[in-house]
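One chain, subunit A, appears in both complexes that follow, with subunit B as partner in the first and subunit C in the second.
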Partner chain A sequence: MTRDKIKSEIIRIFSEQFEIDNPGLDDDLRQVHEFDSIDAIELLREIEILLGSELTRAEKKNAMEIRTINQILDYIEGLAQSRAGGETKTRPA
Partner chain B sequence: MERRVVITAGSAITPIGHSKDEIIRHLEEGISGVQKMKKDDLLSGYIHSGVFGTVDYPIAYDFKRRYRKTMGPVSYYACQVAKEVLEASGLDTEFITSGRLGVAFGSTHGSPSVQREIYKSFFSGSRASFSSIGAVDYLKSMVHTTAVNITKMFGITGRVFSSSTACTTSSQSIGFGYEMIRFGRQDAMLCGGADEYDTTTVAVFDNLLACSTDYNDTPHLTPRPFDRQRDGLVVGEGAGALLLEEYEFAKKRGADILGEIIGFSCTNNGGDLILPNPDGITATIRQALKDAAISADAVDFVSAHATATKMGDTIEAQATGRVYADGPVVTGLKSYMGHTMGSCGAIETLISLYMMEKGFIAPTLNLDEVDERCAMINHARHLLEADIRIAAIQNFAFGGVNTCLIIKKP
Partner chain C sequence: MNPYSKSEQHFFCRRLKPLLDLGATVGIWTYFTLGFVVLFSPLYLAAWITAENRELAFQRLNHKFYRGFFFVARIFIPGHRWQIPDDIRLIRSAVIVCNHLSYLDPLVLISVFERHKTIVKSSFFKVPIFGRMLLLSGYIPSASEGRLSAVMIENMETMKAYLASGGNLFIFPEGTRSRDGSIGSLNKGAFKIARLCRAPVVVLRIYNTDKLFEPGKYLFNACATETIRVEQLARIHPDYQSDTFAVSELMARVRSLLETPGEKTDGVKKS
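Let's look at the complex of A and B:
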């Protein structure tokens, strides 16, 4: 999945799930858009669906410092690469 | 320290209306809010009862997403009536967030529709392999979801109590809220209860043969409290909220005083969890009168729990008759809207306040022929002009929980 494709999916999720339209890529989501810890957990679930695989606890904890859309994109790209490298933890449906 | 406690605002979402005028119109014109049960994809096809006390009008919710994200349908009801009560009260934000205001608000079992979605994710669907329970699903569905969504929305920092005792949920909320103010723990309490549309609740009563089934094609003719042809309760939905304040505080700020709570009792039958208990109910009523320091003949009106079950109404009538004989006028308000479960105590208290203010007593709807086993009390058979100075609101729940509130005209 390209970064642009990931970005369009994240923008869609933010609009549909969090009612945050067209956030700036470097906006502090908490300060500018009231994106809180509950939203962050919800977003992780959406990322699992997007990637088609479950995140490990360590991966989830790593996400807790994320503040911007750009950081989310970096995070997802990193996850995608690690899975492409054979580190995926996919459960059978 | 014992302080006087007054009610200074109220609001309800009921099957017979949302506004005070609409609710009073239904009462005065004898219009029922019971309708045919909506079809759902769960239990409606299996339940014998085909009626429901339905909220069928649109409600203009205006909640921002930061609040909505933790709210299930039951919290929408709860937060809406809470919002209306706080707006009507005139209390400012400084007081609301000061810690002097607490919340006593509950529901029968949180949000069953959200709980259903959680179970769906476990037992079916592609999402079951990931983090199946959303971060907010528990917050939306938990038993105290109504109370804490209210505290969150309005920044309330005082005590929080969330009763979940089925049909006595909101009468307990009011009663325990009253005691918190009376004994100086809080200066004001936002009290009430809510329950959303839910067929699992109907199924529970249906399985116990407690639901009305004979009037599925004529919903407005059921429930029929105290009537010979009654055949059980009708489950409903709704919400009710009251603002309670310490009397001197309310007086000083010029609040509109709707009524004073002068007594409350809450007991348990100490035995069977389903069967009503005449001794338990009798003791509850007597304790409430003692708490209010009044005699039985001071009570002008009794709002009976009166769900329209064969045994429940009979036992309540007999217990009420033991205490009051045929003194106060008795109405079963569930005849208009069905049994709104966790919200019924608050709704029935608010309607009693409306009737106090307007000087009338609504009759028990569908009471065409009083069951002789219920004939020892003074039933309201017609719309009455009446000066209600003191009213008693009786509620009883599964688990053997009994409550009685005594309220006085200001």
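Let's look at the complex of A and C:
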């Protein structure tokens, strides 16, 4: 999955799930859009669907420090690469 | 349970209020501290060691402890009354949102709901023993930085099942106490959790806890004669699957309910 494809999916999720339209890629989501830890947990579920695999507790914990869309994209790319390398194979129920 | 006539109470309160307030406060705090250490800490310890579901056991003990707390308050503040209808005690599996008047509000709701969770200011989780009690009771930190992020993730992952099994999550979406009875701006957290868990939202209004323990004061009001009352304003079942569902609209509806003037009772503010 390309970064552009991930970006368009994330922008769609932000609009549909969190009522945040066209966020800046480097906006501090907490400060600018009141995106909080509950949203982050909901986003992680969407990321699991996007990747087709469950996230580990450690991967989820790392995500709680993310602040911007660009960081989300980096995070998902990192997860996709690690899964392509065969580190995690589980699919979500 | 009021051994004094109204005229006797009026006389005592007019002449001796500072002393009565101090006495009530000392009595209630004695229960809060000594009662916890002597009566309840052995029970918490036993629950910690033996309970299959430690979280539930701690919630039950918290519920009993605060029922005791308000029983003691009734002794030291004999003029006030309580009115909590059965339909409120029977609420299950809901995200409950409530107005916020006093530090007593969360204690009232813990004393009403045996199975409960709530959101607590993150800094309280750092307090020795008390912070550990909050964690063991399954309460949720208001922010999720650092080590509390794991607590938040775990709580959110299990919240849907917790609510489905009959537990309640109560939240004061204003986040802070109202000083004049008006409704402040609402935080989205409660409504987002309701959406995440596909749970109904119950809207409650609490009355007069600020008369018993006034914001900005250190002493209980031993001369309070108001009725502590909890009223159910609505049980909302949002259509979370609908394309038109929006958290902001749910919040606006709840806000409108909370802003609707309440029933007139003794000492109840009409907002």
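The rule is simple: the second predicted complex is superposed on the first by the 89 of 93 C-alpha atoms of A that agree within 3 Å, B and C clash if a C-alpha of one lies under 4 Å from a C-alpha of the other, contacts with A are read in each partner's own complex, and residues count from 1 in each chain.
We adopt the following convention: a contact is a pair of C-beta atoms (placed from the backbone, for glycine too) under 8 Å apart; a residue touches a chain by one contact, two chains touch by 3 or more.
Computed from a prediction, not measured in an experiment: that's the story for all the values here.
Overlaying the two complexes on subunit A, which is it for subunit B and subunit C: clash or fit?
Clash.
Under the stated touch criterion, which partner chain does A:Asp26 make contact with: subunit B (first), subunit C (second), both, or neither?
After superposition on chain A, A:Asp26 lies in contact with neither partner.
Quick one: classify A:Asp39 as touching subunit B (first), subunit C (second), both or neither.
Touch status of A:Asp39: both partners.
Counting only touches as set out at the top, which of subunit B and subunit C does A:Arg57 meet: first, second, both, neither?
second
Where does subunit B run into subunit C after the fit on chain A, at 44-52, 134-142 or 278-286?
Residues of subunit B that run into subunit C: 134-142.
Looking at subunit A, which of its residues have contacts with both subunit B and subunit C?
19, 34, 36, 38-39, 41-42
Quick one: in the complex, what on subunit B touches subunit A?
65-66, 69-70, 126-131, 134-136, 139
Given the complex with subunit C, which residues does subunit A contribute to the contact?
Touch list, subunit A to subunit C: 19, 34, 36-42, 57, 60-61, 64-65.
Report the residues of subunit A in contact with subunit B in the complex, numbered from low to high.
For this pair, the touching residues of subunit A are 18-19, 34, 36, 38-39, 41-42, 44-45, 48-49, 54, 91-93.
List the residues on subunit C that touch subunit A in their complex, please.
My answer: residues 143-145, 149-150, 152-153, 156-157, 188-189, 192-193, 195-196, 246-248.
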